[in-house]
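In structure tokens below, several structures.
Each of the next two complexes has chain A plus one other chain: chain B in the first, chain C in the second.
Take a look at the complex of A and B:
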């Protein structure tokens, strides 16, 4: 099966996030970028399918943030082809709607049977890449997917997650775009040495894609951290002191039994 | 039809109306009051009649009945939703931030095309403009947005709006379905529901839950936490990253795509408090959160907080509880 995976860079939420001087956007210059978590799962799911069925995995990304490292890491995990779409604005990535059109332009001649993308990126506000991409390609789409397997040569069986650990199983005819929430197993770990080796043995193909003009339909008036809510009463002291206070609290509330 | 109406997608899952629908109707009522329009509840199913009594908070209930809508499938649902939205031309379409909503809202916005806002926690009409407040970056940022174009597609975060109350006198209207792709023509066809395997602990019935998040860092750290839960007489549950890692089964996941729990004690260890997780545990009687990040959103919903590495606290806490129980 010929599979394409689209990956994105997002600000690392472990690091503090800043708002830029406009007060309307993230200060991406001060952010640390990492691979979008659900895209990592999309890559893992693609590799699992390839291992089960044969085929190839192409990984595509827009040239933004620390994307080369993510692409080489994908090669170290087993991706066969790395494609970087050129993007010349270092201050912001393309809007999801723009990115979808750029990826669609590159994907059409690549002609994969299946495109996997993380269902969401945490910095998306007014657009979601995978369904936009599906509409651009004219392919069916289902998201919040937590498992994909072959359906006896008839396409795929896909599990979509619902609350309460309930799954809906769908038969999916190809080609299709799937929005992956989680792969069937955790994303595989690759040591830095293998990523370094992939940097020498793999090549990132740089590709130009037409950047469509895009006027945002949603105007951001203000971006800010949430105002402090009524915060928790903080318990301070050594671990032993805090433990004693919590235990006393639970006893007082009748929760020790 | 009116560009001042507010349309709600009333989704059903396994034959039940989703819990968020009453919140969507509440949000829609508030917006419609400002626009002077009506609240429309759209139900897509094989036969929506049994759900009519639950949708009386709307002014009009629109039923699209078709065999292809008996169970959720993206293509017939999108085709029916798009046809109704284009016919009714509402000011806004409210869709829950749910598994179905994550398909329908962005697909509808892409197809129409129309403006889309994710993670919507507030929505108002001011000076004729639709304004919304939305969370992003795992709840670490809030965006105040304005949307002029109609229809605006708002994905509503559960727990953000008061449910609509009181029975109304909704007019019921059955709308002829457009041509819908059935099992033969659709690319994605519903096969079956898969329920969680029986036998695991039912975390929704536990009085005490010890919840772990990304802060536990490695699977081996689950063992002392399991011991703490046993000392407390409770069970271990988790946020999504722990389940994604395969460290705990999906039956232990709390949050939007997991279980909704309301225990007497929710001890949150190393959980940041992303909106998707808080959605599943905010109703707990007592919440104690432990996190190294003093700005973690979990401290906004917790009653008590501890800024500390959770692994430093787990063993002393188990010992302190054991001592008091003696």
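Take a look at the complex of A and C:
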């Protein structure tokens, strides 16, 4: 099966995020970037499918942040083709709607049977990119996917998670786009020496993609860190006194029946 | 009966020329390694059997075994081997490397540590920009050489736990006060500090070890200093033994020898007694591996009122805390397959001496033994203190609040 995986770079949250001088956006110049976690799962799921039934895995990313390292690590894990979409602005990645169109343009001639992408990214919690990409390609889409298996026929059996611990299995005809929440096993560890070897032996193909104009319809008026509220009450005294106070508080707030 | 193959297995041939100890092909199967290993009884392949299988060309079957991730890098097998075969720094990391190259996954807890080292240059996955967090509000000046490069006497590589882990940050602050009180011109690398890697070349993740070596080469060559001083015995061993193989040679000391060499200066500044019975845990790298047994005891002996007693296993026979060889991040794996944590056994030994304080000189050991005290019901009975903390207290340079 010919599989394509879309990966994104997201700000690393171990660094404190800062608001830039406009007061309307994050200062991404001071941020460091890492591979988006659910994209890492999408890659793992693609590699598992390839190992189970053969085929190839192409990995696509926009040229932003530390993307070369993420692409070489993907090659070290077993990806066959690395594609980087050129992008001029070092200070911010494309909007997800722009990225979806750019990826779609490159994916059409590549003609994979399946596209896997992380269902969300922590700088894009609405999960816009995966369904938007499916719309651009005109392919079916299933999101919040926790497992993918080959169907005996021509398609795939896809497990999707719903609220309330409900799991559903979908038969999906190909080609399709899947938004991956978690692969069937955690993303594999690949030793650094293999990543280094991949840097020497793999090529990252750079590809131009038309950057569609994008005017956000919703504008950010102001961005600020949450203001600390002084609502915490520290309970002191013996365990019994504290327990009584907690019980009284729960009752006051109508949480006891 | 396992028959050795006629052609010498290439795996052991490679090891024989790695420069670590004598050729493993000389193993005579005496079994001293397996009998010495603190977890050998629980291993599917104790060291002797590992060597036997490897000699029989059956390396691949060893790679899947949980045994592979049970070595805690204590060096007992290596130092007792009558043939001088280096198992700790040779055989084990080579097998682990081979396993990872073959795509066999190390235990998940360790994978996270590897990722943290690769991404952030520290085992805890903390921001490199917050390297100097330990020094916030400190009452002595800290010279950050990454911002103000200048020649210093001592380049202190603080280490990951002392930089970030609250319990160990207390030790870092105490050491800063001691260095300052001794009138030493010292500096740290601040945001440029990166883990040096471990004694056994990062538990077999050799590519990662080499990445750390290269990062440190770049950082260290921009600085001028007389010597490097370290708190972490594993990093000391890495710098002293493995870095020269990459052409990186600097005078380096672990803090116990650095301070013991300034014993009269220290003694002159000691103003308080510590009236307590203390036992000392020899860490494996500086202790057994580098045979440094007297300096830590001299430091403790310099504190008036302090009565030093020895555990039943001490000096070259000391029982490992279980934190080396990646053990610090393999507790769940080792308990699952070995049945116990070595630090729990060790703190019981400390308690049997009647000591109120277990003194240590390795950043791993504070949290390992404090956890062990909680697990074994010894909390409040045996206090765990770094030698630096005890010295600082005797010099009236300790933290103001109690531990």
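By definition in this document, the second predicted complex is superposed on the first by the 222 of 257 C-alpha atoms of A that agree within 3 Å, B and C clash if a C-alpha of one lies under 4 Å from a C-alpha of the other, contacts with A are read in each partner's own complex, and residues count from 1 in each chain.
Just so we're on the same page, contacts are C-beta pairs under 8 Å (C-beta built on N, C-alpha and C of every residue); 3 or more make two chains touch, one makes a residue touch a chain.
Bear in mind the structure is a predicted one, so any value in this text is a computation, not a measurement.
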Touching A:192 in the superposition: chain B (first), chain C (second), both, neither? second
Examine A:144 and indicate which partner it touches, taking first as chain B and second as chain C; both and neither are also allowed. first
Using the superposition on chain A described above, determine whether A:34 touches chain B (first), chain C (second), both, or neither. second
Looking at A:15 after the superposition, I want to know if it touches chain B, chain C, both of them or none. Which is it: first, second, both, neither? second
May I ask you to decide whether A:110 touches chain B, chain C, both, or neither, giving the answer as first, second, both or neither? neither
Looking at the overlay, what does A:235 touch: chain B (first), chain C (second), both, or neither? first
Would you please give the residues of chain A that touch chain B in one complex and also touch chain C in the other complex? 16, 186
The chain A residues in contact with chain B across the complex are 11, 13, 16-17, 19, 26, 37, 41, 97, 100, 119-120, 122-128, 131-132, 134-136, 139-144, 146, 157-173, 176, 179, 181-182, 185-186, 217-226, 228-236, 239-240, 242-244, 246-251, 253, 255-257
Listed in rising order, the residues of chain C that touch chain A in the complex are 97, 100-101, 103, 105-106, 108, 111, 114-115, 118-120, 125-127, 129, 205-208, 210-211
Under the stated contact criterion, what part of chain B meets chain A in this complex? 13-14, 71-75, 98-99, 102-103, 105-107, 109-111, 113-119, 131, 134-149, 186-196, 207-208, 232-233, 240-241, 243-246, 249-251, 253, 256-260, 264-265, 272, 286-289, 295, 297, 299-308, 312-313, 316-317, 319-321, 323-325
List of chain A residues in touch with chain C within their complex: 12, 14-16, 34, 186, 188-189, 191-196
